[in-house]
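Structures given as structure tokens follow.
You will see subunit A twice below: alongside subunit B first, and alongside subunit C after that.
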Partner chain A sequence: MRAVLRRLVPRSLLLRNLLGVVAGLVVVVLVLETTSPFRNSQFATMSYYAIAAAGLTVLTGLNGQISLGHGALMAVGAYTTALLLQGGSVPFPLAMLAAAVVTALVGVVVGAAAARLHGPYLAGATLALAVGVPGLAIYFDGLLGGEQGLSVRSPRPPGWFADAHYFLTAGELGGAKYLAYIGWITLLVVVLLLANLMAGRYGRVWRAVRDDEVAAELAGMRLGGLRILAFVVSAACAGLAGAVLAMVVRLAAPSGFTIVLSLSLLTAVVVGGLGSIPGALLGSALLVFLPPAVTNLGTGAGLTGVQAAQLAPFVYGVVLVVVMLLAPGGVMGLLRRLWRRGINQGGST
Partner chain B sequence: MTLPEASETRFPSARSDPAPLFAADGVTVRFGGLTALDDVSLAARPHEVHGVIGPNGAGKTTFFNVCCGFVRPDTGTLWWRGEPLPGLRPAQLAGMGIARTLQGLGLFAGLTVAENVMVGADRFRRTGFASALFALPRAGADERRLRERADAAMREVGVEDVAARHPGSLPYPVRKRVALARALAADPELLLLDEPASGLGAGEMAELGELVRGLTARMTVILVDHHMDLVMSVCDRITVLDFGRVVAEGAPAQVRDDPAVIDAYLGEEARHG
Partner chain C sequence: MQQFVNITLNGLSQGAIYAAFALALVLIWRATRIINFAQGAMAMFTTYLALPLIESGQSYWAGFAAALVAGLVLGALVERIVMRPVEGGPELNAVIVTLGLFIALQALAAILFGATFQSFPAPFGLRGFTVGEFTIAFTPFSVFVIGSVLVVMLALTALFRFTDLGLRMRASAFSQEVSRLLGVRVGRMLTLGWAFAAVVGSLAGLLIAGGNLVHPAYMDAVIVYGFVAAVLGGLESPGGAVAGGLIIGLALSYVSGYLGSELVTLAALGILVAVLLVRPRGLFTRVAERRV
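Up next is the complex of A and B:
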């Protein structure tokens, strides 16, 4: 049975990953077309969390570097996008690309500093980034709009896209849905590229450097270079996430990039399972869908609106603690364990 | 135990005294007030096994750390193929063909055995980041090439059956072999083995001895170990360290009867009470 399945899977890594992405795209279309505009906008939110979390799980899970500053890197991407879209002459894909490149360049600098730091020092340095960068927006308020931030012209669907959409679904293409498509297509591209990296040489040597520096160096690994590279890849993802965020919320403002954002990303990655891209997606979904669900449950159980709203962070904290205690490998680690147990019990079948 | 005079005749090239592949000349290393290595010189000739022995704390591992670029000597020079080696970084030395196993295991716990060994073969990759990012066919070909090298190394030490396992799930002697396979996958010209026999049973040790002897067809080996049977039967030459100083050097038979060596080891017994 397994042998048959294996023969159906293409041997080339790229084809295999592309197949996964195409399947993902089908699911995305189905989900976005069958859900309400409100859900569409929730999925758009999830997409930028997931893009950033996927990049972060590579950095923290595969390379063992913690970052409390990814929210700040998202800010770099968001402001870059906001500035470029201001004039109305730059097409948004170009602005997104620029956001990724600019944030990657910031990642080189931060990564070079981070490569020399370990554990609490690295956490402290990236925390400083998270706290400091939003301050820059206030300092340069002429360019970056101070507390109010910059409003962002969200892209409107071009005619051909709306036509194609109508042709395929016979449905209306709302603004929220279009942004959700942009976010999810970006996410699928990011996941494809990260999956390529993880399955190949870089995934292997990043994990080697994480597990044993001395042995990795003896095997010829350049520790600094590999660490910086992991940071840059992760920063580019954060930049793209920031770009999507800016377009979805139509605003790049300091209040959107507080330390809470950085911590949320980290919890998403930990809850989902460090180093796992499906885990990062799962964690991001939880981040977006759990709080409203809990609030609904709360009001349903007779709590006042304020009480119910306070319940959400509490439940989120409880989920985090429970996962850390019961499933240190995160949700994906737990699923893998159950899957393996299932196979063992299944015996020879 | 058979006397290893046979090794002289098995390798006739050794008699003609060829230029050393690798040499240390007057290496001194101080850690604060402690002199870990004191004017140590050693020449490893091509296709020989050069033993380095000495009591605990004699400076053997420190000597390897100097050879691999982890510790900069305060004075002294390293030579590679008759040229002085400038102070290179560990990764650069690895790229030149110097591989080493660690006194501990130093395996990557989160990698499978095959992946561990592929990391050892990494210096043979030909493609870079962009190929990996877009999973281009040449990146795939590169991976297959590394995997083939890893397979060969795993077969050589007999761990191909556990290629898909993680090191943590394997018995200690098997992990030792994996560590050796990782070093061999680099196809080194100089292989530094730091206590490869620790934790092995008698049978496994004999196998290891044969394996190391067989490696000399392709490479030069410097071997540190506390098991005298192994060292005496495998090495062509031996350097004896005590308190960071070379106290004896020569063929195994010579070294074994050297009073200074007996002193060093008797001294150790006295130190341990």
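Up next is the complex of A and C:
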């Protein structure tokens, strides 16, 4: 059975990943078409968390650099998108690309400083970034709108897309659904690129740098450059995530990019399993679908709305501690262990 | 000129608080090689515990003492229950655990005490002293702030220098294995170290809260300032942490007074990056080599 499956899967990595992405696209269309507009907007939210988390898991899991500043990098992407879409003349894919490029440039600067730090030092420096960057939006309130932030013109579905959608599904294309499509298509592209990167040469050398700096350096790898590259790739993902966030939320404001956002992303990648893209997706699903459930439980138990809203970050924190203490590999680590045990038992009987 | 004097005085009293906070970070770093990113959240939580006591008519000092005792207990519990398993493991794991604590405590405070701004009383006047015809930005409360930080530093110095307990704590921070061989209960010393550090952190939380508004995130920026101060001082040396705290307090006060208060955190980030790139071992440490 397993051999048959293996023969069906193509040899080439790119083809295999492409196949996965196409399958993913089919699932996305099926899910988005069969769920309510409310669920659609939840999936749109999940898409930007997942884009940022996928980038973060490459940085932290593969290259061993922790970043508490990804919320701030998302802010850079979101504000870039908001500014570019303001005039109404820039098409949104261009704005998203620009957001990724601008954030990647910021990533070069931050990454250059980060490349020389590790562990707690890097955490402290990026924490300062996360706490400090929202202040910029308030300082330049003429351009960036101060506390209120900038409202964003979300793109409307163009005629051909709506027509094609109607032709395929005979259903209405709501605004939330269109944004969810944008988010998920972006996510699939990001996942495809990252999966190839991780399986290829760069993934290998990043892992080498993470596992043993001295050995990697002796093998002729340039630690600084590789670390900066990992940071830039990760920052570009965060910028794209920020762009999707701006369009989905229709607002880029300092209150949306608090330290809690950065720590939520960290929770997502840790819970899913550091260094695993499926884990990052799983973790971002948790970030979206856990809060309403927990909040309901809280209001059911007699908490006020404001209090119940804080239950979700409380659970994130507790989960973060518990996962680190009991299963540092996260959900994917646990699954991998079970899978291996299953194979071993199958072989022995 | 008057503005400059006021900004300097303000920077000094803020710096004293950052010094206390940095001291708490350094105590834990020396003992367990962990930066406690939950320090701010723990201090915030204990400060919130004092608030209902004071509001129910007890004196300020009852609340003050309660917060410090709560800090002692919280610090010991945190070390014993959640930090012990990750001590000595990969440094990323310990960082992530402290961050989990940070976010959990902050949310718990918002659930228990509300997420709104509440004013916290001060035990002394908040009106500046008058010198000649000017009112300077130095209040009786500032005197209390600087005085209490001084007392804490002297007490810690005395503890580490002159007592048997301090010697054992220093020994277990210096070399766990050798201390264990010599009969020091290292685990107990680490718990005690975290507990003392949490008391100092709680003090910093109370001092920042005094005469100000508190809300569950009010210590977020202070973690950054305390961390920068501790790194500036070299992370190893308590004296360096205090000097670093004063320098950061002054520098940030000038940034806030002349450039804009929104830029303070970014200025702290700038100082941190500059220190780490130019002189990673900090300004006040004799240790020759350190990987950052």
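By our rule, the second predicted complex is superposed on the first by the 322 of 349 C-alpha atoms of A that agree within 3 Å, B and C clash if a C-alpha of one lies under 4 Å from a C-alpha of the other, contacts with A are read in each partner's own complex, and residues count from 1 in each chain.
Definition applied: a contact is a pair of C-beta atoms (placed from the backbone, for glycine too) under 8 Å apart; a residue touches a chain by one contact, two chains touch by 3 or more.
Model, not experiment: these values are computed from the prediction.
Undergrad: For the overlaid complexes, name the partner, subunit B or subunit C, with more touching residues on subunit A.
TA: The partner that reaches more residues of subunit A in the superposed model: C.
Undergrad: State whether A:Leu14 touches subunit B only (first), subunit C only (second), both chains, or neither.
TA: The first partner, subunit B, only.
Undergrad: In the superposed arrangement, which partner chain does A:Val321 touch: subunit B (first), subunit C (second), both, or neither?
TA: After superposing on A, A:Val321 lies in contact with subunit C but is clear of subunit B.
Undergrad: Mind working out whether A:Leu143 is in touch with subunit B, subunit C, both or neither, as first, second, both or neither?
TA: Neither subunit B nor subunit C is touched by A:Leu143.
Undergrad: Let me test your reading of the model: by the given contact rule, A:Thr60 touches which partner, first (subunit B), second (subunit C), both or neither?
TA: A:Thr60 contacts subunit C only, not subunit B.
Undergrad: Using the superposition on chain A described above, determine whether A:Leu127 touches subunit B (first), subunit C (second), both, or neither.
TA: Second partner only.
Undergrad: Is A:Ile259 contacted by the first partner subunit B, the second partner subunit C, both or neither?
TA: Only subunit C; A:Ile259 stays clear of subunit B.
Undergrad: Would you pull the subunit A residues touching subunit B in the complex into a rising list?
TA: Its residues touching subunit B are 12-14, 17, 193, 196-197, 199-202, 204-205, 207-208, 210-212, 214-223, 229.
Undergrad: Which positions of subunit C touch subunit A when the two form their complex?
TA: Listed in rising order, the residues of subunit C that touch subunit A are 34-35, 37, 82, 85-86, 91-97, 99-108, 110-111, 114-115, 217, 220-221, 223-224, 227-228, 231, 260, 262-266, 268-269, 272-273, 276-277, 280, 291-292.
Undergrad: For subunit A, which residues count as touching subunit C in their complex?
TA: 60, 64, 66, 68, 113, 116-121, 123-125, 127-129, 131-133, 135-136, 138-139, 258-260, 263, 266-267, 270, 303, 306-307, 310-314, 316-321, 324-325, 328
Undergrad: Of all residues in subunit B, which touch subunit A in the complex?
TA: 68, 70, 89-91, 94-95, 99-100, 102, 106-111, 115-116, 118-120, 122-123, 125, 129, 132-137, 139-140, 142-143, 146, 182, 186
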